[in-house]
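Please go over the structures that come below.
What follows is a pair of complexes built around subunit A, which joins subunit B in one and subunit C in the other.
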Partner chain A sequence: MILRALRSCYSVLLLLAAWELFARSGMVPRTLLPPVSLVLQRTAIALATDTFVADLATTLFRLLAGLALAVGLGIALGVISAQTRAGRAIFEPLVRVLGPLPKIALFPVLLLTLGFDNTPRIVLVLIDAIFPVMLAAHYAARAVDEKLIWSARAAGTSPTGCVLRVILPAAMPQILTGIRVAAVIACVVVFLSEMVQPGDGLGDQMIRAARAFRSVDMFVPIVVISGLGFILDTLLALVRRRALGWAG
Partner chain B sequence: MIRFGPLIVLAALLALWQAAGMAMRVETLPTPLAVLPELWALFASGEIWGDLRASLYRLAAGFVLALATGVPLGILCGRSAAVRGFVSPLLALFYPVPKAALIPILMLWLGAGDLSKITIIYLSVTLPIVYHGQQGAAAVEEKLVWSARAMGTGRAGVLLRIILPASLPELLLGVRVAIVIGLIVMISSEMIVRQNGLGYDIFNAMDMAQYRLTYAVIVVVAVLGFVLDATFERLRRRLTFWAPERQDQLPTGA
Partner chain C sequence: MIRLDRVSKTYTRAGGGEPVRALSEISADIADGAFVTIVGPSGCGKSTLLYIVGGFVPASGGAVLVEGKPIAGPGPDRGPVFQEFALFPWKTVRQNIRFGLAEQNVPRAEADRRVDELLDLVHLRQYAALYPKELSGGMKQRVAIARTLAYRPRTLLMDEPFGALDAHTRAKLQDELLQIWERERKTVLFITHGVDEAVYLSDRILVMSAAPGAIKADIAVDLPRPRRREELLRHPRYQELVIEIGRMMDTTA
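Presenting the complex of A and B:
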């Protein structure tokens, strides 16, 4: 099984091998491109270092707090707005205006109004990660088979009960797909916020390494945050498959 | 109603901002009415044009390169299992990497000029183009291909006249996502490196405590995002008016 997995991603192995050989060939200075084995080794060391782990924890806290808010608010806003005609009428133009806005451009506003600590970064993650969740929830809630709702209503379920027990479960497959997208966006955004306005966190590690031209240490935070995104994405894919065996 | 929807929303957002500014009464949250003269001055004095041009040039250059390489690669992935087997794991590997964060490394390799910033935009927008191109090309109905082949169309003809048009709706969705991602990467890389461009302008104004100017540049960025997306959306609808509309594909990305 492991062999088959390795064979299916042979191009990745090929790329890593090419990186390693190229970096060790002497054609490029080590300071520009450290070998991948060195990067991974340094990553392992960093993950056992207190200061690095503290920065990782800071980033993880901001990331998960922002993502949790985005998931909660996104599902609520998406599903509720799908219930009324007015909500549906407002939803699309609102997303058309706010969707293409690069939310990172609002980061200075958040810094100015919310201070320079955790809050602006959590809010930045929230306003970036909420879109895929909200969109998925809204359109999935609108696509729920009306007959299901009618039946539930006829059987005496209240409108709120309908939302919670019929619409939400029926929309869950798409919502979970939206959450997967949101998780990766959250990882990217929290890291960028820490690079744009350094102070602490993994992004700050990257900026400090760049200013000191410690090239190996520049790769380490990137590897860690990408790994984090990959792990979150994989976990959510597992949850989706487990929870939604019925949805196919 | 649908046409004016965005305008109504925009007016409501501006009113909300005005109300918040008037309620807070702090220098760090000026009202839109106070920002307006600053915005006017920005364009009247010509101050903004240089940075706007610098930003848009890099975005356009990265985008053209991404279209030129990403579209053929995506379609190839959709049509050939061997190519897909090679490319998909690489896409999956790069998907969670924060592309804009690679800018310090690329600057080591390519220098501090435009090249590193164009490369970063190229890398990040190629991904959705290849991905959606592959989805589109893989979903082309085989009967169309067989019929064309049976009637004597060559392989190149099938590619150009059947597969490319049939994958266009999905491909253009990818381009729309790519536009939003390109903007994000453009702004954030300029915020990290701080040499020129709109992202630099925003933070430069903030560091000099010119808060109205900060907000004015943010407004420029917001308008740019909306105009680029809305313009492309019109083009997309015109090019693929025959395809069934997919509602759930509104612009987001990072």
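Presenting the complex of A and C:
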């Protein structure tokens, strides 16, 4: 079991080994890139420290809240906008304009209007992570085979019923792929928001360590956020295997 | 009875290209319980006509009347079976067949009984828990037929349902369809490219001319029922009809 888990992520182990060797080779100063063994050791200690765990919990809460909102709203907006010609006409140009916009640039505005704790960060995660979900949902909903919808309509399903019981399930595999992209974005953005405006959370831990030149401590939150992303994606992959096995 | 009253269809293209005239003034009466087949060259509008009768695509002119009333969209009185099967890939065989019953809030126990009955009818009982991607083409089409039969439509609309199958499977499904039809006497509107299939199955064959489609001939198939394939193949009238209609198809193309 453990062996299999190790084998399935041996490329990660290789990466860590490369980091270790590179850091010990003397090509970069230890103060800039400490060996991963030290970082992992320190991570283990941090994970047993109340203050660090509190920051981790804060970040995790913001991450999951923002992601959950992005998933819910993204699916709803994407699928609903795909149903009518007007919806499609509004959706496409709007997404083209708003998609490339660097949302982090709006963060100062969010801070000033929504306060300085959780809300602006959750909103930032939401407006960044919603795009891959919304795009996937919209285009997948448009691509659903019309004969599936006709078959349901003939069986007595209402148009709304078709959206819920035909279009949504048919679009689910693509939507889940969108959610996996959104999860990665959410990890990046929540961390960024805590770096740009420190106060608490993993990003704040990292910034404070960096300012004090505690280079090992600086890498601990980085390792932890990437670990969170890894766990999140593994869970989503599990959902895919369990619930979307039909899609192959 | 289903009445097609000067049904015509012109597709306008979203891109703004030339509109396509697919059907021009199709009129026909389809009697209850009749097995009526439409044949015609590719692109003459056969599928379009079937989609209009199903209420999936609006006609540009004319009307489709069921029992004297113009149709308003799709309804469970007209059940489609498509060439591409169009099964719900996220549902098992059993769940696919059950779909229409669930949509119409048939009580659970009754729905279960009906699904079992249909699984037996199409010989799929031991495949009930499989997903569509795990089935062969013939099995998929059996599921599609059972899914449509489940909600007991009075009319079956079948668009080349056996077109994607190999000859052996097609013959088998033709026989099964005939058995079902002889027992339940549904009205069937059937589309095919196969003249022999049309003659084997139908009471009546409508031959369409090339686009924009119009009915060029209306042929009564005066062959005895119940039909047995071997007897029929030797029947002189069968051979005559196949040759006659085949010739018409050649001259319409």
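Methods note: the second predicted complex is superposed on the first by the 220 of 248 C-alpha atoms of A that agree within 3 Å, B and C clash if a C-alpha of one lies under 4 Å from a C-alpha of the other, contacts with A are read in each partner's own complex, and residues count from 1 in each chain.
Basically, a residue touches a chain if its C-beta (ideal position, glycine included) is under 8 Å from a C-beta of that chain, and two chains touch if they have at least 3 such contacts.
The structure presented is a predicted model; accordingly, all values stated were derived computationally and were not measured.
With subunit A as the common reference, the superposed partners subunit B and subunit C fit together side by side. Using the contact criterion defined above for the overlaid structures, shared-chain residue A:Leu40 touches neither subunit B nor subunit C, since it reaches no partner.
In the superposed three-chain model, the partner touching more residues of subunit A is B, compared with the other of subunit B and subunit C. After overlaying the two complexes on the shared chain, residue contacts for A:Leu135 are found with subunit B alone; subunit C is out of touch. Within the superposed three-chain model, A:Val196 lies in touch with subunit B and out of touch with subunit C [touch as defined at top]. Applying the stated contact rule after C-alpha superposition, one finds that A:Ser151 touches subunit C and leaves subunit B untouched.
Of the two partner chains, subunit B is the only one touched by A:Arg96; subunit C is not.
Superposition on the common chain places the nearest Cα atoms of subunit B and subunit C 12 Å from each other.
Listed in rising order, the residues of subunit A touching subunit C in the complex are 145-148, 150-157, 161, 165-166, 169-170, 172, 244-248. Residues 51, 54-56, 73-76, 78-80, 82, 84, 86, 88-91, 99-100, 103-104, 131-133, 147-148, 150-151, 153 of subunit C touch subunit A in their complex.
Of all residues in subunit A, only 8-12, 15, 31-33, 89-90, 92-97, 99-109, 111-113, 128, 131-132, 135-136, 139-140, 174, 181, 184-185, 187-189, 191-192, 195-196, 203, 206-207, 210, 213, 215, 218-219, 221-222, 225-230, 233 touch subunit B in the complex they form. The residues of subunit B lying in touch with subunit A in their complex are 1-2, 5-6, 8-10, 13, 24, 28-29, 85-87, 89-90, 92-93, 95-102, 104-105, 108-109, 179-180, 183-184, 186-188, 191-192, 198-199, 202-203, 206, 211, 214-215, 218, 221-222, 225-226, 228-230, 247-248, 250-254.
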